[in-house]
Amino acid sequence: METSNRQITFTPELFEPVERSAEEVEKITGPPTSFWSDAWRRLKRNRIAVVAGGLILLVLALAVAGPWLTSYTPFEQVLERQYKTPSLSGFWFGTDQFGRGMFDRVWVGTRVSLYIAALVTIMDIGVGMSYGAISGYYGGKVDNIMQRIVEILVGIPILVVAVLTMLILEPGILSLSIAIGATGWTTSARLIRGQVLRLKEQEFFLASRSLGAGTFRLITKHLLPNVFYIVIITLMYTVPTAVFFEAFLSFIGLGIQPPNASLGALINDGAKQMQQFPHLLIYPAAVLVTITVCFRLLGDGLRDALDPRMRK
Amino acid sequence: MLKYTLKRLVNALVVLAIIATATWFLMQFLPGSPIQNAEKLTAEQEAQVEAQYNLDKPLPVQYALYMAGLARGDLGNSYLYAGKPVTDVIFERLPVSAFLGVQAILIGLVTGLSLGIISALKQNSILDSGAALLAVLGVSVPDFVIGPLAQYWLGLKLGIFPIAFFESWWHSVLPSLVLATSIAAVVATFTRTEMLEVLGQDYVTLAKSKGLSKLAVVVRHVLRNSMIPLVTILVPLTAALVTGTLIVETIFSIPGIGEQFVRSIFDSDYPVIMGTTLLFAVFFVASYLIQDVLYGVIDPRIRVAGHRA
Amino acid sequence: MANGTTNGTKGGEAVLSVNDLRISFGTHAGEVQAVRGATFDLRQGETLAIVGESGSGKSVAARSIMRLNPEANTIARGGEILFEGEDLLTLPEKRMLDIRGPKIAMVFQDPMTSLDPTMRVGRQITESVKKHLGMTGRRASERAVELLKLVGIPNAEERIRQYPHQFSGGMRQRVVIAIALSCEPNVLIADEPTTALDVTIQAQILELLRDLQERIGTSIILITHDLGVVASVADRVAVMYSGKVVETGTVREIFYQPKMPYTWGLLASIPLLTADSSLELIPIPGSPPDALDPPKGCPFTVRCPYAMKICSEEMPEYTSFSTEHQAACWLHHDMAPKAEPPARIGSRR
């Protein structure tokens, strides 16, 4: 090491030994902190993800509480006040062709879009995880057949399924959710299956099975964190996809119909009247884009933070 | 290798058969019929029309006829344009969409690859953050938002582009650009992620340790290894292309199959809807198949071993 | 071209000198000080082992010699690396391109990921010779075949056209060695070359390295955490901890007369074949310090059974015990109490 360029005065006390037991040493140098606090810390450092998360919370809050903030309702039509431009004193987001306040409609529409996204996600995770878990757990022939089915399902494009479904079902939150979520669960199924298979291969799994002990503990300690990771990431990517598809279906006429509102329906309406009244398009579009962008960014951030391999 | 290709081909055909069956099945529930747009017909005339459309035969026979027809490339006749084969309706408009699509893909690929490569090589710099931001926005802002906005600003306000119809090549530029945005975004994101992954690999460090110049390392080792997984974007690319075409053609009133599709939904012209959906399905399945086959060609592990590593 | 004479004279001139090297990485969380003042040299024709736990900075130090650390966030905070009269830390990149390969080459840890999976093995070897030795086409291929034979791969003519996945782990490592030696470098840096391999293959690879060193006369820096490897191939040893070199010496000196508690700890935690079975394996409690916030005194203090007050305050100075043997520890200061290494160490003779 370096020769000090400052002079050290050596005194005998400096050379007195410091006693420490092995346990103390372990404590001081610290065992690694728990998985969750590690991940949380890592996430907090990622400023983009934090901002994205904040915006999502804001959108959620407004979706729930937005319409309460105004004195009018989303459905009342007062033709005299049609096409008002947005202003701080009057209608914050303006009004549409029927004189309905856009602020309310946008947030009501957001609610609908988010309901659909939530349903799709639940279906994705619920069906996907069960399917994958069963397939992985039983293995053998059952697994083979189930995987063959998945292989075929994967080849069916969401667009086709969605369009076909919406052709015969009445447009509504439930039908749209089914249309969008019908084949999307294959990814999470595959991931879960992989996790289950990996767990099955672990030696201690076999060992504890034969001892009859702690399969439950096994599952909670080893399977769950990985599963949680998969669930969170899936959620973060399914929501923007679902919101997009809902909007897309509305655009081509198969989605939520007026007078009900969804982000897609509002954007569709707004796009048609964009040239004269841009505010009808801009606000719902802004909310849609915010949701999509923020979920993606947060998803990326979570993926980095929770990645079990990145524990350093 | 051949065995692998055959397996994937069979899988593709099975998927298509299932989709076709599902389509036919759903058709049975649809309220429309060939006579919905005609005036009042006598019972005899109705029966005649039904026989023409094979609707008087028992269901299983109808199914068999349908599948046989598909195999021949017969998609039935339009309800709206009475008697006109769906295939005619679609293929009349296909060239327009194809032109728009190809143009968009070219623009999108070039832009996306450049953005992706630059941002990976200049990681953490302003260029990178800028490119990454553009990519996220491109993917997140749907074409039905960008479209009208572009129409308004670049078309109406600035008058650079015409805002509708397809009277000249210049008319196709703005729609293609809008279509290209999602494509470029998908390509850029994938490219950047792949390149970053590859740049972190040991063999890249080994290549550097041989004293090869940065250019040589990138061209000979990084690019080739990054491009292999890039084949995986073929599928999301097709998806972006199809959904985008539907939207862009509608917004810009371009007479392509996308616009036709949306119109046929509005008109409840079910044979056309089904036919077009099937066509889209064929595109998707074909893209899956091509992707799988390309995997086999590019990755030497598959080429030699005959199956995915 | 490395000096071909191998008449047993090792040591002498230093081929490579690392002086007070300081390397950090800039990360979101702050500056990670990976190397905090490492000094060692490599003598002609010898094998220097750099030993340490993971996180000790040994790999970073080695890569710094060839400037292979990721450009984006590597910061050279000080020190110099002298090679053939130049400081490698300050050389322009263009000059480094001439040094990597023909003068200094590297063998990496994981043979499964060190080779480009999409390029034929022969081409990965000829890339180097074509660039540096100006060989073309046929001559380059012949050279590749020679090299594969040299590292003990049978059927070399066929093998050069194959892809890495067609080779086993041990074979791939031999290929990596072949690539490294293709331009006959003066210095070979082997970063944990056997860690990822089976024990039997390990022995073969080490044997190969020793053999090649005798034949070609390359000086080798061997990075490892495995003292068994050190014992079998090293001439001199440098022990690193928390980014610093805490002890250096010949192999015998380090194994039989270690002078620093960390070294004692390392030696005490490996099993001895001839040892009295009543002697326990003593792992060192605790873990190395955080490189983001290294302690100001001797980094080993917290885990050291012999720690004194001064240890956490000041960085120890080097004490020399022989021409080769140096250790940095306050125990060797005049005012420090006498300390005996644990019994196990003393029982080696």
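The letters A, B and C name the chains in turn, as written, and every chain counts its residues from 1.
Following the convention adopted for this analysis, a residue touches a chain if its C-beta (ideal position, glycine included) is under 8 Å from a C-beta of that chain, and two chains touch if they have at least 3 such contacts.
Worth saying up front: this structure is predicted, and the values here are computed from it rather than measured.
Peer 1: Indicate which of the five shapes (line, ring, star, complete, other) describes how the chains touch one another.
Peer 2: Basically all the chains touch each other, so complete.
Peer 1: Please indicate which chain is farthest from chain A, where distance is taken between mean Cα coordinates of the chains.
Peer 2: Computed centres place C farthest from chain A.
Peer 1: Which chain lies at the heart of the structure, taking centres as C-alpha averages?
Peer 2: Smallest offset from the overall C-alpha mean is found for A.
Peer 1: Between chain A and chain B, what is the separation of their C-alpha centroids in Å?
Peer 2: The separation of the two C-alpha centroids amounts to 26 Å.
Peer 1: So the centre of each chain is just the mean of its C-alpha atoms; given that, what is the distance between chain A and chain C in Å?
Peer 2: Centre separation, chain A to chain C: 46 Å.
Peer 1: Quick one: report the Å distance separating chain B from chain C, using the average Cα coordinate of each chain.
Peer 2: Those two chain centres are 53 Å apart.
Peer 1: What residues on chain C touch chain A, complex-wise?
Peer 2: Per the touch definition, chain C meets chain A at residues 20, 28-29, 37, 244-246, 285-289, 301-303, 305-318, 328, 330, 333, 335-337.
Peer 1: If we count contacts the way the header does, which residues on chain B are in touch with chain C in the complex?
Peer 2: For this pair, the touching residues of chain B are 123-124, 201-203, 205-213, 216, 220-221, 224-225, 228, 298-301, 304, 309.
Peer 1: For the complex, give me every residue of chain B touching chain A.
Peer 2: 11-12, 14-15, 18-19, 22-23, 26, 29-30, 136-137, 139-142, 144-145, 147-149, 151-152, 156, 239, 242-243, 246-247, 250-251, 261-262, 265-266, 270, 273, 277, 280-281, 284-285, 288
Peer 1: Where on chain A does chain C make contact in their complex?
Peer 2: 1-4, 8, 10, 12-18, 20, 22-23, 25-26, 28-30, 45-46
Peer 1: Over in the complex, which chain A residues touch chain B? Could you list them?
Peer 2: On the chain A side, the touching residues are 151-152, 155-160, 163-164, 167-168, 240, 244, 247-248, 251-254, 267-268, 270-271, 274-275, 278, 281, 285, 288-289, 292-293, 296-297.
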